[in-house]
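Given below, in the form of structure tokens, are the structures.
Shared between the two complexes below is chain A, which has chain B as its partner in the first and chain C in the second.
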Partner chain A sequence: MDAQVRSVLRRVIRRIPNKNIENLLKKWNCLSTDQLCALDYTRPKWMIVELVASFCEDNSLNLKQITNLEMMYHIENPDQGVWHACQLTEAQDDAVCVDLTQFKEQFKAHLHGVVRHISIKMKKHEDEAIWIRIAWGDNFSKPNHLKPTYVVHHLHTSYVFISNLMAKHKIFLCQALVMATKHGSIKDGHLSTRSLTGMRELLLRRYQQVFPNAHSSILQERNTLPSHPCIGKEHSGHEDMRHQMSCEAFGHGPTPKLETAVYRLETRYRGNDNQTLSDREEFFRGVVRFSSSSLLDSLRHCVASGMAEGPVTPLLSAITQRGRNYFVITDKGPSVSSQASAQRA
Partner chain B sequence: MALLTPFSKVPELNTATVLLVENEEELQSKLANALVQYKKDFNVNVRLARKLPLPVENKETRPRIDLIVFVVNLLSERSLQSVESSLAHLHSDCFLGKVCFLVTDARCGSHTQERLVSVRKLAASHQSPVLCAEHRTVDGVNAAAVRLLNILKVSAGMSPIATTALYLSSLTRCSVTSDLEED
Partner chain C sequence: MEARGSAVNTPASRPVTRRSKSYGRSCVEAPSYFWQTPGHLTVLKIPTSRGAAKSQLITDKVDPEHIALLVKNEWKLSYVTPLHHFRHTQLKSYSRHLAAFIAAEKQQGVAVEVGLEAGFKVTFTAVLGLAETDEDAETVFIQIQSKPAFAAAADAPKVVWRGWLTCVNGDPEYLRSLPPDFVSLPLFCTSGAESLTTLVKTWFERAFDCNFGSLALNSTTLNWLAALWTGCHPTCNIRHLKLAWSLPTQPPMDVSYTVNPQDAWELWNSIHPEESTDDKIDIKEVQSFISGLETHFFRHFKIYLSAGTLVKVSTALGSAHLDGKIKIGNSDYITTLLTLLTESALLKMPT
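Showing the complex of A and B:
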């Protein structure tokens, strides 16, 4: 094992937290049972790293197996790093006929053609997701395995999820994806979170959506706590209506886990009380940022408890309806009373 | 504009009804549970509302209200504003001993002191008492419930002859002393 492989191995093992490492090593199946038993997971991390590194040297493992371990860890724990969503558009007629092998061949062929040194690994997970790990090199240097890009795509959907991609490699990846999936172009999805599961749930609509209908059947499903018969609520009708509105906008049950929503304002200042800022021609540029450990839950609670007045403003409901969390808001038209609308940047 | 009047309905036997008005709707449910579960010798009905005026649909089914409690959370500006706007919907007869103010978080921070002064001035101008409650522990909620029950008993006319709601309110009403006025 040469120095590069050793450093990659050390980094991979160091990054895996102790609670996952035992199961991962067993699943990896590259260490013998004696070696696995010899590992004591209560020791400090650096000891475990040294032990595993020496076992791998003894077994003369190669880079491929080590990157396999890293990929397995990422597939099982996808919610780390920052993920960005992209959307494929202009599907060609035979886009639906693309199957897995075709996609793999096309993708690899294109990237190998444009980048001299590159290492691509693809895996298909049981939930129909294709995981791709790319280590980029260039004309002179070997692929850098310390900073790989991860791409997740569900075939026949138009969404691609990307993590850890550098700007200079973006064009190559986008071209390869567009060619392999037989689409016309790819564009930025304006959605970025730390949680891949949350992003997938939101875009692939895997959360429990509520559609407005005349019967409001969600009111019966709602498990109101059995309250004492002597306690009566005056505004129960309003409360139910607010609950219905909040669930229509943000879904019922557990919501996809988003952390932030960012609104970039390019509008004119419209307050009454500030002489210096109003009546100006140029835009009052500002950024409004909502942060929470689970943003959609917080927004839903705001609406349901009446903290935010209903009906839900389209600026907030656009997060779920359009599946994005970065918006640029511009003024439409010259009149002061016009509504600011959320537009695609 | 329909005002909430205290004497427009017939009272029920051995029953008192209290209306808890709170903008945030968090303390009122805990208080309601404490009120109905406390051991006492008369029935208590609790009505929960966010603000006044109350919905017209419920007018027929609503029992006679003996005590109206405005719950003000001193950490929120909106709480006090909502109470001030709700006061306009009460008939003036209600202020003869049937209104009470309950404030929470009176010990947290500096803004709460100013708001407490405003609440006390408001209560003094309406001849009503102000209670301070601690709502984060079960004991605090129970203590507030016991105090409310004592006032409720008098407002509903269930205590011995000499004590009427009007008499009690003249004893317990909030007074704004001169040093507060100077602030």
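Showing the complex of A and C:
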């Protein structure tokens, strides 16, 4: 094993937390049973790193096997780093006929054609997701395995999820994706979050949505606190209505995990009756950033508790309806309307 | 309400008001220093208007090296009651005493080896020029450096803790009413390990018979800062006006609204025109400014920011957090910030 391989291995093992490492090494199947038994997971991390490194050295493992370990770890624990969503558009007629083998061949062929040194690994996960690991090099240097880009794509959907992509490689990746999936172009999805699971749930609509319905069963499902029969809640009607609105906008039950939403405001000033400013032509510029450990839960509670006035403004419901968390809000047309509309940047 | 800065001469016939002070332990002072003033309202009034933030080339009045010590650090705020028998002339002796105290406290429970250097060097410096009025006492800056036990002579000692006591534009009536042996430096700013802060406070409490307390800012102070700093935009680019609220949702949500500085200034200017002859800014104008921003936000998101709390205000001139943490970005407007903070400290002090 040369120095580069050793450093990649060390970095991979160091990054895997102790609780995952035992199972991962077993699944990896590159160390013998004796070696696996010899590892004591209660030891400090640096000891484990050294031991595993020496075992790999003894077994003469190569770079391919080591990057395989890293990939396995990422597939099992996808919610790390920052993921960005992109959307493929202008599907060609035969886009639906693209099968896995075709996609793999085209993708690899294109990238190998444009980047001199590159290392691509693809794996299909049981939930139909294709995971791609790309280590980028250039004309002079070998692929850098310490900072790989990860790409996740569900074939025949229009979404691609990307993590850790440098600006200079973006064009190559985009071209390869467009060609391999037989689409016309790819654009920024304006959605970024730490949780890939959350992102997929949101975009592929895998959370419990609520649709406006005259006889909504939601109201009965709510477990209200048991109260004395002689006590009547004055505002129970309002409460139920707010709860209904909040669920329609943000879903029912566990929501996809988003952390932030950013709105760039370029609208005219709409504060309290302020003569000088309301007549202004120029925009009152600002940036609003919402952040929380689980943003959709917070917003839902905001609406349900009355901190937000109903009906839920399209600016907020656009997060779930459009599946994005970055917006540029502008006034529509020259007249000052009371509603601002969310537009694509 | 008396406006800040207006010259008020206490007529000779007016009785001097004194505040009653109670101390934890029995005092050995002569009883004539303390008057009981039953039913007397506190001398300090919360001002409803104040002058606009004025830029000063503070480097004219204060040594630039001293200014550099104050800027760009994050300071935790406390208030302190007046110090008894504190002399600005004894700073060197205070340095030695505090160093010895810290060394002794740190060694409690540890076997003392003869010959091992204690390891702390304390410096008290007087930062002259920050005081604005005649009644303000001069600022005192304290620095603690650690000397590692086995350091070579050439090793520069590392600064591990900094703190400063100050009084800027303190209420003149209150300051004049203090008995002659007391010096009031009500604002205490610290940066460094909490353990050292506690030691310094304990030493002060023992040496000067004073009391410390944490100074949390209230939303009115933050509102004033937002308005005052925005008003400075023509003379000094504030780069942005960033306001951060915390909403009590489950889980809690933070909302930060960063307003373009020119637009924020235009809003402020429409409420309090720059050319107005009256130099005073009224609290109602400040409230109108903040409420304007909250309403603009509401029109878009339909969320009532008043359901939450304004926790932080920041511009290029500095930042202030509700927990009592500040950062000074630009020394030109330092007087305005310190005036507000001194006032908060004086108001927070137990009477």
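We take it that the second predicted complex is superposed on the first by the 324 of 345 C-alpha atoms of A that agree within 3 Å, B and C clash if a C-alpha of one lies under 4 Å from a C-alpha of the other, contacts with A are read in each partner's own complex, and residues count from 1 in each chain.
Assume contacts are C-beta pairs under 8 Å (C-beta built on N, C-alpha and C of every residue); 3 or more make two chains touch, one makes a residue touch a chain.
Treat the numbers as computed from the prediction; the structure is a model and nothing was measured.
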Chain B versus chain C as contact partner of A:Val5, first or second or both or neither: neither
Contacts of A:Gly232 with chain B and chain C, given as first, second, both or neither: first
Chain B versus chain C as contact partner of A:Leu173, first or second or both or neither: neither
First, second, both or neither for A:Ile319, with chain B first and chain C second: neither
First, second, both or neither for A:Gly286, with chain B first and chain C second: second
Chain B versus chain C as contact partner of A:Ile329, first or second or both or neither: second
Which of chain B and chain C A:Gly271 touches, first, second, both or neither: second
Which of chain B and chain C A:Ser305 touches, first, second, both or neither: both
Per-residue contact with chain A, leading partner among chain C and chain B: C
Chain C-contacting residues of chain A that also contact chain B: 305
Chain A-facing residues of chain C, complex: 247, 249-260, 263, 266-267, 270-271, 288, 291-293, 295-304, 307-308
In the complex with chain B, residue positions of chain A that touch it: 228, 230-235, 237-238, 305-306
Contact footprint of chain C on chain A as seen in their complex: 263, 265, 267, 269-272, 274-277, 280, 282-295, 297-299, 301-302, 305, 307-310, 312-313, 315-316, 329, 338, 340
Footprint of chain A on chain B - complex, ascending: 19, 24-25, 29, 32-33, 36-37, 43-50, 54-55, 57-58, 62
